[in-house]
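Below are two complexes that have subunit A in common, paired first with subunit B and then with subunit C.
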Partner chain A sequence: MSVFVIGYYALLLSASCLAAYFNKRSVFLLLFSLTLVSFVVGIVGGAGALKAIAIGAGMLALAAMVSYAFREFLILLASTEMAKELRTAPLTAAFGMFVIFTYAIAGIFAPIIAPYGEAEVISSAFAPADENMLLGADQLGRDMFSRLVYGTRNSVGLALTATCAAFIMGAGAGLLAATKGGWFDQFMGRFADVIMSIPSLIFALLMLSIFGPSMPVIIIAVSIIYAPRVFRLTRAVAGNVVVMDYIEAAKLRGEGTGYLIRREILPNSTAPLIAEFGLEFCFVFLLVAGLSFLGLGIQPPTADWGSMVRENATLISFGEITPLIPAAAIALLTVGVNFVVDWMLHRSSGLKE
Partner chain B sequence: MAKEKEVLLKIRNLKIQGYSDETWVDIIKGVDLTLHRGEVMGLIGESGAGKSTIGAAAMGYARDGTRFSEDSSIEFDGMELTTATQAERRALRGNRIAYVAQSAAASFNPSHKIIDQHTEAPLQYRLKKRMEAQEDAMDLYERLRLPNPKEIGFRYPHQVSGGQLQRAMTAMAMACRPDLIIFDEPTTALDVTTQIEVLAAIRDIVEQFNTAALYITHDLAVVAQMADTIKVLLKGEEVEQASTEEMMSNPKEDYTKSLWAVRSFKSPQRYRPKDATPLISVRNVDAAYTAGPKILDDVSFDIYEGMTVAVVGESGSGKSTAARVITGLLPPQEGEVLFKGTPFPADYRQRNKEQLRQCQMIYQMADTALNPKVRISEIIGRPARFYSGLKGAALKARVDELLDLIELEPAQYYNRYPPELSGGQKQRIGIARALAAEPSFIICDEVTSALDQLVAEGILRLLDRLQNELNLAYMFITHDLATVRSIADEVVVMQNGKVVEQGPKDEMFKPPHHPYTDLLLSSVPEMDPNWLTTLLEERGVDNVGDSAAARIDPEDEKVVR
Partner chain C sequence: MGDILGLVLKRLGLGLVILLIISVIIFFMVELLPGDIAEAVLGQGATEDNLAALREQMGLNKPAIMRYLEWLSGALMFDFGSSIVTQEPVMSVIGERFLNTLFLAAYAAVIAVPFAIILGVIVALLRNSIFDRVANVLTLTSISSPEFFLGYILILYFSVKWGMFPAIANLSEGMTFWELLERTFLPALTLVLVVVAHMMRMTRAAIINLLASPYIEMARLKGVPPWKVIVRHALPNAWAPIINVVALNLAYLITGVVLVEVVFVYPGVGQALVDAVSKRDFPVVQACCLIFAATFILLNLAADVGAILTNPRLRHPK
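Presenting the complex of A and B:
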């Protein structure tokens, strides 16, 4: 029995007793079930397993504290209106916002943050981490950390542009179809069906093999793949708004389609569209990363998370986690964006509790 | 009488709190209520008075986000509901306390047969076997005078009419022979002619089974027919309580008196100017929605400048369709609409700005008629900018003027959004939007039917004042004859897409009537507590509502005319 194990159980037990004494039901349940799990895991896996649990719990607590502090920070900065909204944000959403904030900083200030250039060879291939290189070197001896930072710029920037393009196309067509109705609606609907019936990865591969992998082609191909989904959602949302009396009043006033869409329909459909934007952003991001992994996305030597995973994939058979770091960066952003989107969906659906 | 009976429901110091702005606020501020067995108590008040909340509280239920305060007490037949467990409370509901909701159409599950939903409660509580329960249901349907009582239960909810559905729901509430039924505005969504059937049915069945009831409504005339005692509520507080006769003849509080006085407003009648061309003239219009049956059949009527024409009839009679034809939303199959003698293009898309400007519309549901995401200044300012090309300071001055016209303080409302306003205020904004176009003719589609009586009265007075000041013509679509009495100059009665009778108001309210007009007129509840009894005696129980409408003799001289 090491000091660590005794201290570990003492801390857990005293905390759960305190929680029980102060009638904090959920806290008590959480702590005590953790204690019980620790008993079992401790017997099976020994002190090492307990340490892993402790580290995991510590990380979670740290993330929660960061999110809480970040939310309070935002509330302080924001106007009263926004602050009221922000107070309703759960910790998960605050965590998501923190992640997005960090990525944005990393992307915008990449040349300042990164110690080396993205294509700069500074050491031998697969060199381990040292005081110069935080995460070691990749297969050509470039600094992993610098490439990760530059990758934020390229991967996220590309995904963001493609999502925006998909939204401009899809939402524009959806709003028009809902407002105009009739044959235009039918035509757009069937056209969207046709695009959706082609498997997305195959469609992207086809486009990229025909036109060659360059940034504009990737953006256009990806946005064409995702536009029909946005179209469907927008048309459904706008369809509910179009039947309202105030639209009829505006039509009877003689307003044109442009005004109807811009001033009457769009303000009433933004909430679900923003939520959808977050979701689609994740999908686009994953598709771009997948394309890069297949070698058809962003071309070397430009740093990109997807291709970084592929290039360093051989390292995994030597028990190194280096190739997983860019993958984790992708996962973290996806989770963060989804946390924020969940919160927005919750708000726009008007659900309480 | 009621005093000697056993107390069934005793509510003491009921406080219900809602969570808003991070504190608990009292919604119901300490209401006491005592209900004896077999007694019917009417709860009246405007919306937001807490009627429905009290009704739900009588079942020991507080809506999500609300709670009973610590010192409230709800005692049902000796059982304290505020401290009872969920399971105990649930065992009462449907079994000993039943609930009849406002919209039967929304309360029935559309994918189960009516009788299956009816027998659910007795089977759940193991009171009856399935066949027994079904026979009992048929018996109840018969007592409630539903047509084909043996068969109607095996239909799906969408296969029966609204009034029948409301009666089926009352029957369902009776399924376990509860001690207490809570009626939450059971007839508000129904036409006057249908309302009578439902009222008569509810009253009979409550009497037959000696059931106690809480009858929640905002219609005084209705509550006068149904209740033994009346409790008036205002903003979560009790105003006064008395027996129905006493309350009707001698209300004590000022607020109650103001409720009673509502139906007194009457605008002086105007007559058609001689030798003038009508402003709007609907000529022999037939209309139908694509490939459907004819909704309008040879409809003709005229509207003169500065006059109000009320179009009355029950739902489905084609009133709103007539309005859609005039506005051009639904081009007629035959016939035409003339504006000052010249034909209006049939489709609104072919009308020019000037023609569109002349004819404005005010909607029934102010909630859906105003865009919730647009500021009041923009809602009212847009038509002024669109038609008159006003900009900047001139536009702001015009909006201020319009807000003044509808009796709202401009500075206060200029930058607000519709959801921040009350129902009456929203309807005023709707009026201002119509006025902003400077029209000569406004269609008012059931503008007061979603509002409380006091608020509706204010809107009617406002419309009347505006008419006098701006020389507007109104087409007033309504099913409420009290509204017709107060504001109309001429009346058009519609039934099944045909105009059955039209003429000046003073003639229309004098006999002899067309039998359908007669039916409509006699179906409007009056404040007299004995009105329903007298009417049923006069007409016979089976000769009210739909059955009476179906019975109109086609050979009657007024019909043939």
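Presenting the complex of A and C:
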């Protein structure tokens, strides 16, 4: 028994006793089950495993503190209306917003933040990290950190463009179908059914094999694949609004389709549409990352997270985590967006609990 | 019984029609190529003679409709023509690989399905407790990670650091079943992680939806023990959504397998598809796409039929 192990258990047990004393039921449950798990893990894996748990818990606590501080920061900045909403946000949602904020900064100011250019060869291949290079060099000797920062701009930018394109197509068609109805509605519905019954990755691969991997092709292919999903949701949401009396009144007033969509239907269906945008972005981002991981996304030398994972994958067999960093960057952004969407869905729809 | 059969047949017919439309899309998409296949394959430096010879060999001189019908009737008998790059029949390239892919997906499914359903029910019962929230965060994280991220993490720990399982899932002749299971454990585990998260969330949502209905409250109020509420009252109605969840996720498995196969260098259809796409080997791409799409539609159909069979209410649509 080292000092660390004794200290570890002492801290956990005293914290759970404190939680129990102050009647914090859920905190107590969490801490005490962590203690029980640590008993088992400690016996199997020794002090090393306990250290890993301690580091993980420490990082979680750090993330929680950052998100708490960021939420307070946002509440101070926002108007009273917004601040009221923000106060209801759980820590996970605040964490998600923090992640999105960081990525936005990294993407917009990439040339200022990155110490080197994205295609600049500055050292030997796979050089380890030193004071010049925060994360070492990649397979051609380019600075990993700079490429990661530029990757934010390229990968996220591409996914965002594709999502916007899918949204404009899908939501536009959905709103039109809901207001017009009739054969247009029927036809678009069946068309969406057919597209959705082809697996998305397979459909993307088919289109890329025909038109070759280039930015416009990827954007068009991805937006065609995801537009039907947006169409379905918009159609459903707008379909509920269209039957309302005030729409009838507006129609009787003699308003045109454009006015109906812009002034009556859209304002009443924004909440689910915004949440859908977030979800759709996650799907698109993962699909684009998968494509570039397969070597069919943004072509080199442009920095892009998916292809960076693939190019450096050989390092894994030497126990290096460098290739995992861009993959983790992808995962972190999707998790962040998902957390925010989760909160928004809860708020707007009041899911059954 | 008669009306059930009719409904099922109707669903099957609809599936066939969708499959037919998809085959049209897959085939005629290639026709959209600037120029034609022969030009795309031979590239810039092709002479007129070469082009003409290749067109003759691939039958490109016939009208597209004729070629489509030939392709479709071939596909019905698993004959997808021959690869442009290697000249081998496509089926000899993909046939065995398809079995491998099915094996991997089945392996993952056998682990994932019971695990996910049991966890989903538990989490639904403990809803709004701290465990539920932890599970929510964990499953969201797992869903949001790209498959290759999970795959490489597993490789890093299970094979490089701890040396428990092989990192590359290459198959060879004469392996025993246990060896096979050990070789393919890591790719299967990657798939399991993703699918379990999806299935858990969907099962949880389905059960919570049910537990909110009035007849469950009635059962609880008249003093039925909690386990009996679940087993006798909730479960019969939960089968339909659960079967749906399982089938949808199996369909996901079939396609999610592509990235995992590439990470673990597993000899399956996904890998063949990716290779063919980068070599622009159109017959192989078309065949793989059709196989994947057919499996996907079949499993979705199974979901529909399963739901109809377990839920009498769906048999009498309003």
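In the analysis below, the second predicted complex is superposed on the first by the 349 of 353 C-alpha atoms of A that agree within 3 Å, B and C clash if a C-alpha of one lies under 4 Å from a C-alpha of the other, contacts with A are read in each partner's own complex, and residues count from 1 in each chain.
Heads up, the rule we're going with is that a residue touches a chain if its C-beta (ideal position, glycine included) is under 8 Å from a C-beta of that chain, and two chains touch if they have at least 3 such contacts.
A quick note: this is a predicted structure, and the numbers were derived from the prediction, not measured.
Colleague: After the overlay on subunit A, what do you see for subunit B versus subunit C, clash or fit?
Modeller: fit
Colleague: Determine how wide the angle is at the CA centre of subunit A between the CA centres of subunit C and subunit B, giving a multiple of 10 degrees.
Modeller: Result: 90 degrees, to the nearest ten.
Colleague: What is the contact status of A:Met188 with respect to subunit B (first) and subunit C (second): first, second, both, or neither?
Modeller: A:Met188: touches no partner chain.
Colleague: If we overlay the two complexes on their shared chain A, which of subunit B and subunit C does A:Ile225 touch? Say first, second, both or neither.
Modeller: neither
Colleague: Should A:Leu148 be classified as contacting the first partner (subunit B), the second (subunit C), both, or neither?
Modeller: neither
Colleague: May I ask you to decide whether A:Ala303 touches subunit B, subunit C, both, or neither, giving the answer as first, second, both or neither?
Modeller: Neither partner.
Colleague: Of the two partner chains, subunit B (first) and subunit C (second), which one does A:Ala249 touch, if any: first, second, both, or neither?
Modeller: Touch partner of A:Ala249: subunit B, not subunit C.
Colleague: State whether subunit B or subunit C is in contact with more residues of subunit A in the superposed arrangement.
Modeller: C
Colleague: Mind working out whether A:Leu206 is in touch with subunit B, subunit C, both or neither, as first, second, both or neither?
Modeller: Only subunit C is touched by A:Leu206; subunit B is not.
Colleague: In whole Å, how close do subunit B and subunit C get at the C-alpha level once superposed?
Modeller: 5
Colleague: Taking the two structures together, which residues of subunit A meet both subunit B and subunit C?
Modeller: 352-353
Colleague: What residues of subunit A sit close enough to touch subunit B in their complex?
Modeller: Those in contact with subunit B are residues 244-246, 248-249, 251-255, 263-264, 267-268, 352-353.
Colleague: Which residues of subunit C touch subunit A once you look at their complex with the stated criterion?
Modeller: Against subunit A, subunit C makes touches at 18, 21-22, 25-26, 29-30, 32-33, 127-131, 134, 136-137, 140-141, 143-149, 152-153, 155-156, 160-161, 167, 205, 208-209, 212, 251, 254-256, 258-259, 262, 273-274, 276-278, 280, 282, 285-286, 288-289, 292-293, 296-297, 300.
Colleague: In the complex, go through subunit B and note every residue touching subunit A.
Modeller: The touching residues are 64-65, 327-329, 348, 351, 353, 356, 360-361, 363, 365, 368-374, 378, 382-383, 386-387, 433, 437.
Colleague: Under the stated contact criterion, what part of subunit A meets subunit C in this complex?
Modeller: 26-27, 29-30, 92, 193-194, 197-203, 205-211, 282, 286, 289-290, 293-296, 306, 309-310, 313, 316-319, 321, 323-324, 327-328, 330-331, 334-335, 337-339, 342, 351-353
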